[in-house]
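After this come two complexes, each holding subunit A, first together with subunit B and then together with subunit C.
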Partner chain A sequence: MINTTIAKLALQALLGRRRFFLLLAFPVLLIGLVALVTALVDGDAAYEVLPNLGYPLVLPLVAILAASSVLGPEVDDGSIVYLLSKPVNRYGIAISKWLVALGATLAAGALPILVAALITGDSTRAVALFLGAVVAGTAYSALFLAISAVTRHAVIASLMFVLIWESLLGNLFSGIAWLSIGQWGLRIGHEISSALPDPANLGYAIIASLVVTVLGAWFAGDRLRSFSLTGDE
Partner chain B sequence: MSTLVLDSASRWFGNVVAVNDVSLTIGPGVTGLLGPNGAGKTTLMAMMSGFLAPSAGHVTLDGQPVWRNTETYRKIGLVPERELSFGYLTGRQFVRANADLHRLGEAAAATERILEVVDMVEPAGRRLDTYSKGMRQRIKIAAALVHDPTVLLLDEPFNGVDPRQRMHLMDLLRRLGDEGRTVLFSSHILEEVERLARHIEVVVSGRHAASGDFGAIRRLMTDRPVQYAVQSSDNRVLASVLMAQESVRAVSLRGDQLDVQVGDLGSFAVDLPLLARQHDVTLFELSPSDESLESVFAYLVAR
Partner chain C sequence: MSDLTPDSGRPGVIHDLGYRHFDGVREGTPAIARNLFVTGLRHAYGLGRSGKSKVMPFLLLAMSLLPATIVVGVVVLTGLGELPVSYADYTNQTQLLVSLFAASQAPVLFSRDLRHRSIVLYLARPLAAPVFALVRWLSLTLAILLFTAIPTVVLFAGAMLSGLDKSDQTTSVLKAIALQVLLAMMVAGVSGLISSVSLRRGFAVVGSVMALIVLTGIVTVMQNIAYYEGDNESVSVGVGLLSPWSLYNGLANAWDAGVDTPVPVNGAWVPAYAIVAVLLAAACLLGLVARFRKVGSR
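Our next item is the complex of A and B:
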């Protein structure tokens, strides 16, 4: 299923663009900020940066950048026909690209959260948040890949999902936790440390994360199967 | 040997019909798809290469539908009009990636072999974004040919390519056609198509306007009624003489010139100077007033 050539090209596309530096800036700033607050105030005050900024914002932003970089530009300018005019399974292409986006999301999103949380002291809390970030990063990258396969405005659409749905409305209405990837991750992390909230049912959180991941990758593959070149006419 | 068949294929986008009920059979050898810009060539190409579903009708390659059929790409090599956006790869890396995607057993050897065919061995180590238009076109063709396909589809392959490179590309395509491959290329330039293709399909405004070898198409295009503007020492005398000729369909005076509609171009060209001399009329100017390719296409549609 996994196509190493596609994955290699996706990785080159990810590393070869200016966005990569943006992708790198997020974790550096996050860790820097947490280290600074820890040094100036204390670990517990610094930890607050993570559930309020690192986890709900930096993680999904990194996932958006990664997912849209591996697929977005090729769909936008139509150069994906060079990959699609091959007898290569479309779902394989989607999964290979998703794995690259996932790797980038974990490396530039979840891992820095772990490092930052460890700086603040409590390592149980840090591992719990890391687990949540891995789960959420997995589902986010698949969802944003699917969005990239559908619309040219993938970055905007993904940002709206994160900023308006999950952050803004999620803070106003607790029921949105049932339809929020970030909250599912926190619920799973809650099993390790009660420092994390308990917004939904555990079984539901696990299944919902799995469903979004599998459906996201499948849907991206299906869109690629029906990719149309409309030309300039 | 492969045959690409369009059976009453149509494609519309909302209210706009881009391709209207086109039936074509494209077999081995070089075929040119000729039509003015916006005629639906790119839409046809997209349908033939499996990148657009026909709204009605069927597009098949050797009996198999091409839409949502990944396996057809074993037989098809596609050279899209799109620019390569893999500027960060070298020519060799790009062709090699194509070979790998086809899971060729000897991908490295196939890559070198095809680079040689398109004469790109020397620049293959350079990044794609340093290439000239002609070089990028040849690398695209190499990438499309690396798996030895029986069908090669090229969308406007000569656009922006300088004359020397164009000659080179034409030789290459001719050779591929002679090898028994089905080569189809689109173009809006008659001379280009005529020089390369044995068989020509003409599309105008989304419709299949004409089909045949280039001689037949050329005749269709030259035998149509042509409008000429003539200036002479005595337009009225010339008009009365011309009107008596079989080859002339209509004559009218307009200001100090004579508009002549000619049915049979060959005999008109021979007769005009003789008649002028017989009647002591001096010809000052003779010019075709609708020789543009667009008017040729318009005639083919109206036919």
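Our next item is the complex of A and C:
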């Protein structure tokens, strides 16, 4: 199923030139900010950065950037045709690309959250948040890859999901926790440390994350299978 | 260009291929700039473009109008003596939508011409690269201003219809509009500069989101931590100089326009905020001009 050549190409697209620096900026910013606040004030004050900024904003943004850079540029300039004209299973293409996006999300999104949380002191809390970030990062990257395969405006559509649905409306209506990837991750992390909130049912959170991940990767492959070329705009 | 048609005696841009000459009045740079401005403003809302590209701007506009209509409905039905949210604070509360609008529409005005190299066609007309950059920036500024002003006007209309005090409401709505002009200038400058440098739409959007939303989040967290945990008022106010939204909020707070900041902005901080805001807009505009001058000279 996994095609190493496609994965390698996706990795090159991800690490190519400026994109890499944009991707690198997030972990550097997050860890730098947390380290600065820890040094100036204390660990507990610095920890507040993570549930308010690192987890709900930096992690999804890294996932969006990773998912859209493995698929987006090819769709944008039309060179995906050359890839799709090869006798390679489309699901294989989607899964190879997703694995690369997932790796980037975990390395540049979840790992910095672990490091930053460790800097603030409490290691149980850090591991719990890391587990949540891994679960959410996995589901996010699959969902955003599926969105990238559907629309040219994938980045904006994904941003609207994260910023408006999960952040803005999620803060207003607690019921959105049932339909919010970030909250499922937090619920699973809650099992390790009660410093994390408990917004939904554990079994539901696990199943929902799994379903979104599998469906997202499958749907991306399905979209590639019936991909139609349209002009810009 | 003018030496291509030496006989006509006026600077023309149409090459002389032996066809009949155009004897009418030639409109110069101002007319081109005006047309470019109107087209840019329409394109920012997807007007004159495909149906799909109208979805995003109008969806965002509808989302930022919805709370305003709800607020107006509540005020009218329950007969409240004042609006539950001030005009300037409404813009602040919907800042995610404003930032997303700027991030999604700035690439339309600033990236496409550079990515497809159609910029050379624009610059082949008697329109200098700096003017092109300035006009694009004005289009985006007005587009963002309209985005923030429309809900404000709806709120104001609701306040007037439900019979709130006219002079109070007019003063605060004018303050809010003036602040929104400054905000639109800053946000248009930042998002425009980012999209003119990073030509792939996706990266331009993520870059603008980083500069507008993530940076504002960082600034807000720092302001709160500096005040509530660190007990340091001047650091909390000083950090606010770092992002367009905290500048907007600080100035609105100083001007008594109904926005709360962790620490009130007063004294010498007020001119500092105003100067930094103007400098930020000016610096982004200079950056845009430099960028388009460089691209235009290639």
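By definition in this document, the second predicted complex is superposed on the first by the 228 of 233 C-alpha atoms of A that agree within 3 Å, B and C clash if a C-alpha of one lies under 4 Å from a C-alpha of the other, contacts with A are read in each partner's own complex, and residues count from 1 in each chain.
Just so we're on the same page, a residue touches a chain if its C-beta (ideal position, glycine included) is under 8 Å from a C-beta of that chain, and two chains touch if they have at least 3 such contacts.
Since we're looking at a predicted model, the values are computed, not measured.
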Legend entry - Combined model on subunit A where subunit B meets subunit C, clash or fit: fit
Inset, instruction - With the two complexes superposed on chain A, say which partner A:Pro73 touches: subunit B (first), subunit C (second), both, or neither. - result: both
Inset, instruction - Kindly classify A:Asn3 by the partners it touches after superposition: subunit B alone (first), subunit C alone (second), both, or neither? - result: first
Inset, instruction - Pick one for A:Ser194: touches subunit B only (first), subunit C only (second), both, or neither. - result: neither
Legend entry - C-alpha centroid angle, subunit C to subunit B via subunit A, nearest 10°: 80
Inset, instruction - In the overlay, answer first, second, both or neither for which of subunit B and subunit C A:Lys86 touches. - result: first
Inset, instruction - With the two complexes superposed on chain A, say which partner A:Ser174 touches: subunit B (first), subunit C (second), both, or neither. - result: neither
Inset, instruction - Have a look at where A:Ile164 lands relative to subunit B and subunit C in the superposition and call it first, second, both or neither. - result: second
Inset, instruction - Using the superposition on chain A described above, determine whether A:Val58 touches subunit B (first), subunit C (second), both, or neither. - result: second
Inset, instruction - With the two complexes superposed on chain A, say which partner A:Thr124 touches: subunit B (first), subunit C (second), both, or neither. - result: neither
Inset, instruction - Minimum C-alpha distance between subunit B and subunit C after superposition, to be given in whole Å. - result: 12
Legend entry - Touching both subunit B and subunit C, residues of subunit A: 73, 233
Legend entry - Complex contacts: residues of subunit A adjacent to subunit C: 18-19, 22, 25, 29, 33, 37, 40-42, 45-46, 48-49, 52-53, 57-58, 61, 64-65, 68-69, 72-73, 76, 152-156, 159-160, 163-164, 167-168, 233
Legend entry - subunit A-touching residues of subunit B, taken from the complex the two chains share: 13, 18, 37-38, 40, 42-43, 46, 49-53, 68, 70-74, 76-78, 80-86, 88-89, 97-98, 100-102, 143-144
Inset, instruction - Spell out the residues on subunit A that touch subunit B in their complex, using ranges where they run on. - result: 3-6, 8-9, 12-13, 16, 73-74, 77-79, 81-90, 225-233
Inset, instruction - Mind listing the subunit C positions that touch subunit A in their complex? - result: 49-50, 52-53, 56, 63, 96-97, 100, 103-104, 198, 200-203, 205-207, 209-210, 213-214, 217-218, 221-222, 224-225, 229-230
